[in-house]
Every structure is written in structure tokens, then in C-alpha cells.
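You will see two complexes here that share subunit A, one where it goes with subunit B and one where it goes with subunit C.
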Partner chain A sequence: MNTAAFVVIAIFTLLGALAAATLPRLIHAALSLVVGFVGLAAFYILLGAEFVGLVQIFVYVGAVAVLIVFTILLTRREATERDPFNWLGAIVALAVFGGLLWTISHSDFVWQAHVPNQDLTVRRIGDALMTAYIWPLLCVGVLLTAAMIGALILVYEEK
Partner chain B sequence: MPGEALDQIFVRAKGSILSLLSGAPEWLVQIVSALISITALLVVFPGLFALISVLERKILGRFQNRYGPNRVGPFGLLQPLADGIKMLIKEDVVPTRADKTMHFIAPIMMLIPALLALSVIPYGRNMTPFAIDAGILFLFAVGSTTELAVFMAGWGSNNKFSMLGAMRAIAQMVSYELPLIITVLPVVMIVGSLSGDAIVAAQDGYHFGIIPRWFVTTPWGATAFLLFFASGLVESNRTPFDVPEGESEIVAGHMTEYSGFKYAIFFMAEYLGMFAISGLGVTLFLGGWHAPIKALEIIPSYIWFFAKLSVLLFVFIWIRGTLPRTRIDHIMNFAWKFMLPMSFACVLAAALWHFQAGGLRGWLWSFALIAVIYAGLSRLLQTGRRFAPRTYRFAE
Partner chain C sequence: MSLGLILIASSGLFSIGLLAALSRRHAIFMLIGIELMLAAANLNFVAFWRFGPPSPNPHGALFAIFSIAIAAAEAAVGLALVIAVYRHYRTTSVDRMTQLKG
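Entry: the complex of A and B
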């Protein structure tokens, strides 16, 4: 059952990603990307990381996708002719993919089957974030606040 | 416990259907169990939608000193049936220059989150269709995808009114999602869980034997409930926050180019969203399916839930019949300058309450904190503008 679900979700996610990369109209590409995001969330839920999956939907579909769509809407007119195939982009993409694949397959972490002995409840995630990982959490908070203030300063008009 | 047979009648009915399958593989039982719950949701809520659509028109009629629908069936109660048939046989108009796929998918994308959101609410004792650990988060996660559906409807229609309406809808939904989520936070903090069942269980029992332990009876709970309700009004695009479909300016917003059954689906999705928000409000603040008085606990739990839900829905309709439409800049200012600080105040007050271990001292401390922040905000936000008599330059 899990294998069947994995195959279905994988096809779904890959089709979404492929459509996002190839569709001629930018807005369609952005919405296909959402299909990919949902597929990823389904993967997380399939792996038992329910919280991460829901946050993936919440942040990526609810916020990032809306942001992308709005950016497209506010910045550019619909391009009519298609750009020629970008070889440099393809090489960079392949290099990144290869690098990630090499790194992941050579890390010890992947090959030790690490099955959590307790259920991954939201309560445990919250406890871990508030005790063991409080410093990373605070740093991320400061970083995001700084980014937000920076964005505000960039668009602020002196009166 | 008296009345338990009646209380658990639906749970037992489902159990007896599933017991027919004993011996079948486990995955089959799981699928059948899910299908039964889905069927129940799909019967109850569209039915409630039909009922509410006619009741709303009748109640609004009362507010406006007229009868409302009273021709079809007794008291006009069969009106939704007539409306449904009318919507089904209407022509489905798709604009020639519309983005056909997006125009087609948008209503479906609108309905799915609303239905999914309804699945995690506890409707009665042991009656949560989809009981997961992060139920409240699930509701918000699927609810946040509605914005994309609205965008698809607006963009796909290729119409300036649709696009304007979609932009307005998304702007106000994004702004009010923040207060909506932050007002839920105090309850989650106090209960220490994101599951609807645990939140309802935490509101069991009575203070001094009479006052129910619902979170709305605490100062932070009452404030958070009011803020939550106002944000809920915005999220479901109801008056006074219905600028996205302000019919006097932009026809019907993102629904301008929809006709026939697609329009009906939009309409239904909007009401189902309203049910989900109200149901969440009942679960979080109004004690879920608990009875208000101990003596009334004989009445089945689901009846209590739906009674509270109907009260909230009536308030929705009441507000629609009473308040005029707000201007978009007022809505935005209200969100960022008042709602957001006040909802943070609720979080702080809940923390104080928890620190004092509840009780009278906790009650007083959190009340004082909220009162101070409210007074400070009111002073800060007072523009000091006096309203002079309006002078007309051209209309005299």
C-alpha cells in the first residue's frame, strides 16, 4: 500500500515539477509548481512527518505560491515568444542535482535506518524547539525580522 | 450515564456497519470507515447549507420588514430545491478569452479546502471524522489554499472586475489570517495540543459548579473569541467585510464571470467555509459539544454542538442585516493596527493566566493586562480628527 502511494505521489509531484519548468505561460507554470509543493507535503505525511507536511502546505501553498503569483501579476506583461533553450541553466541545474545526489548518498545519516521510537507529535516538536534548539530558532527569528524590515526600508517612500 | 445510547447512536451505527466487514483485510475496513465519515459530512453540511440559504433570506427579510421567500413549499422551505434545479439547468457561460482550464478548476479548488476543513472538527463525543494530532493546523493549512483558488477564479476569467475582486479578496484574507491564527494560539498554549478532541476535553467541567469551563469565560478567551469572530467574518467574505464582491462597484468580484452551477459551487464553498470557521470557534472557545449546565448533559452532545453552531451562524446573518460595508483601507488599517496587537495581548494574557494557575488571581491579572493594552491602543489610534459638517461643491 505504501509503495503504491509512493509511486502515485512521485508521478504526481514529478509531473507538477515538469509542467512548472516547461509550460509557456508563466502563471500556469507557477500554479503547476503548487502541484509539486502539494506532492512534497504528501511525501512528508506518507513518511509520518505529519507536522512538517502540514507546514509545507501552509507555508508553500498558502504563502509562497501566493507571493509568486502576485509577483508575476504585478511585474511583467505576458511574453509572447519563447526564450531559446538555455544551455547554461541546464548545466547549472544538472550540477546542483549531481552535487546534492553525491552528498546525500555519501552521508552516513541516510543509510542508518533511523526510525523514531515514539510518535512524532506536535508536542514533542514544540518541546525540542523550545529547549534543545532554542538558539537556532531565535537566530532564524532575528534573520526573518531583519529581512522583513529590510524589505520595508527598500520600498519606503520618504514623505 | 443516561441518554448515552442516544448520544452514541451515530458512533454505534458506524461500528455496526464496520462489524459486517469483520474478517476483511484491514485496509478495506479503513477505506470503508473513511467513506462512511465522508458520506456523513457530504450529507450533513450541504443539507445545512440549503437550510441556511433559505433561513438567511427569511431572517434578512424580517430585518428589512418584508416576508422573504414564502412561495415554494411550506414557509418557503423548499426554496433551496427550486434554486438548485434553476442553477443546474442554467447555461454555463465561459468567456471566449478566458483561461478555460483555470476558469474550470477554480470552483473545485474552492470547494475542496472547505470540505477538508470541516473534517477535523469534533461534532460530538467520539465524533471527529478525521482525528489527527495536528487537527487545528490541518484546518488552517487547507484553509490557506483558498487564496489560490480565488486568484485562479479572478485571473482565469480575464475580466477587470474579476481581477480586482480577487486582489481585494486575497489582500484581506492574507491580512486577517494572521490575527485569526494568533487568536487560536492562547487556546493551544493552555491546552498544550493542536487536536480538536483535546481542546474540547480541556473545557470539561464547571467553575463553582455552575459556570462552564469554556475558554470564553476567561478574559483572554473572551477577547480572543471576539477577535477570532471578526477575522472569521473577513475570511468568509461576509458583510461588513464583503468588499471583494462589492456588487455596487465591481459586480461580483472574482465570481463575475461564473454562471449556473459553477456559481452555485462558489456560493456553497463560501458557506461551507463559514461553517468551518464557526465550528472552529465553537470548538476552541465555546466548549465544543459540552452542555452549558450539568443538568442538561442528558441531551446528546452533537445537538449541543449544532445548537452553538446555529447561534454563531445567526450572528453572522444578524451582522449582515445590520452593518454597512467597510472601506478597504479601513479594513486593512483595522487588521494591522488593532487586531494584530490585540491578538498578541491575548497570548500574553493567556500566559499570565497560566502562570497564576488559573483561578481568580489569574482572571484578574489577565483582565487587567487586556484592559491596559486596549486602552493604550485606543489612545494611540485616536486620530483626533473632528468631523465638520460636509460641504458640497457641485451637488447644491
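Entry: the complex of A and C
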């Protein structure tokens, strides 16, 4: 874990997210979002949580970003999908960012030296999921089933 | 490389997501912003797990995994809503969806 890799990945991710938020054409924004998510997965791998990084790529890049592209395909209005930009939202976002920066710079414990943590192996994740996290695992299963059925009902067309 | 730098990066990502959710009129753009905010919160969880005290259970990383799963479910339902509303209104601009206004 060194600072150079962190800076490169941070610039990559934040530029991708900024492009996703400000580009006028929707399909360009959706593809920049993919870049941002891949950068975020690189963040997770840099922090030592490799499994979370891979889950991020599988789920966010492989499912959520593809879903967004499909929905853009299904809701096309005109050939050029340009969207006007509202500057009041930019002012609010900058104010929130300034407040968070002030909070981080005024807290002491986040700037201390790095404390090495244990490795996150798949065996530890499996053990934790089957012992301490068994209830959340079953609930997430039920939630995903309900979300799938709900999404199908929402777009079902009565003929 | 300390916790503070990662928190600055994740708060920057959160602000960019807030920017996308507030300053756009297209429904899918607002969903993109919400997904970015969720991803920034996940980064916070993993960062605090990494720099916290060693514990037998990896709580922060597992919370992030469950949060990713729930974000996928929420994105699916949200996009289904966008498609269903588009069928009725023939537009995705949230300024024109005003039938529930008091």
C-alpha cells in the first residue's frame, strides 16, 4: 500500500465519476460510470479486501452498469439525449464536500500511522457468513427474490 | 497512506454523486448519482475496517458485500420504475412527471 498507487487510483475514479455526473450525453455518462466503478474496485483491492473488489466488478460493472445501458436503450426519446445542467446542484454539492473536508481535517485519529490488519481470505468470509452473518445472508436472499419479482411486475404489460 | 486520504477520496465521490442526483433532470442520471453515493459509503466501510483494530470477524468488509447486493436490487427496481413511468409519460425528464403534485 503506497501513496502513489492511491493517488493514481483516486484520480482515475474521481475523473470517471465526474464525467458520469456532468457529461451531456447519457450513454457517455453510463460508460464513464463503468470506469468509475472499476477504479473503485481497484481501491478495494488496494485496501486489502480483494473479495469485495471482485464482487464490486461482478455486481456493479457486470450487472448495474449493464442494466443502466439497457434502460437507456429502452427509453430513447430523440437521437441526441442532451440534458441541461443545473448550477444550484453544483453549489450544494461543493458545500457538502467542503463540510466533509472540514470534518476530516479537524479529526485527529484519521491521520495516525497505519495499523496492519489481518488478511481477508475467502475462508474467513465463508466462516463469517455461515456463523455470524447467517441471518443477513438469508434476508438478502429473500430481498433479491422480492426485488426480482417486483421489477418484473412493474414492467409487465397487460395485453 | 492513512485513513484521512481515503476518507477525502470517498467524500469527493459522495459529493460527485450528490452533484449528479441534484443537477440533472433525467431520471437515469439521478439513479447514477444515487449509485455513486452508495459506492462512496461502501468505500468508507472498507476503509474503516482496514484501519481499525484487528477482530476475528471482518465486519466492515462483509457489510460492504451486503451493501453491494442491496444496491444491485435497488438499481433493478429503480430502473424498472423508470421504464414503467416512461411507458406512461413518454418522457424521462422528472420535471414533466407532475400528476401527483398537490
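Here, the second predicted complex is superposed on the first by the 113 of 159 C-alpha atoms of A that agree within 3 Å, B and C clash if a C-alpha of one lies under 4 Å from a C-alpha of the other, contacts with A are read in each partner's own complex, and residues count from 1 in each chain.
Definition applied: a residue touches a chain if its C-beta (ideal position, glycine included) is under 8 Å from a C-beta of that chain, and two chains touch if they have at least 3 such contacts.
These numbers were taken from a predicted model, which means no experiment stands behind them.
By the document's definition of touching, both partners, subunit B and subunit C, reach A:Val55. Partner contacting the larger number of subunit A residues, of subunit B and subunit C: C. In the superposed model, A:Leu31 makes contact with subunit B only, not with subunit C. After overlaying the two complexes on the shared chain, residue contacts for A:Ala63 are found with subunit B and with subunit C alike.
According to the touch criterion, the shared surface of subunit A, contacted by subunit B in one complex and subunit C in the other, consists of residues 1, 51, 55, 63, 70.
Residues 1-9, 11-26, 28-29, 31-33, 35-36, 39, 42-43, 46-47, 49-54, 57-58, 61-62, 64-66, 68-77, 79-84, 86-87, 90-92 of subunit C are the ones that touch subunit A when the two sit in their complex. Contact residues on subunit A toward subunit B in their complex (touch as defined above): 1, 27-28, 31, 34, 50-51, 54-55, 57-58, 61-63, 65-66, 69-70, 73, 119, 121-123. Against subunit A, in their complex, subunit B makes its touches with residues 27, 102, 132-134, 137-138, 140-142, 144-145, 147-148, 151-152, 155, 170, 174, 177, 192-194.
For subunit A in complex with subunit C, the touching residues are 1-3, 6, 10, 13-14, 17-18, 20-22, 26, 29-30, 33, 36-37, 40, 43-44, 47-49, 51-52, 55-56, 59-60, 63-64, 67-68, 70-72, 74-75, 77, 81, 83-90, 92-94, 96-97, 100-101, 104-105, 107, 109-115, 117-118, 120, 124-125, 128-129, 132-133, 136, 140, 143-144, 147-148, 150-152, 154-155, 157.
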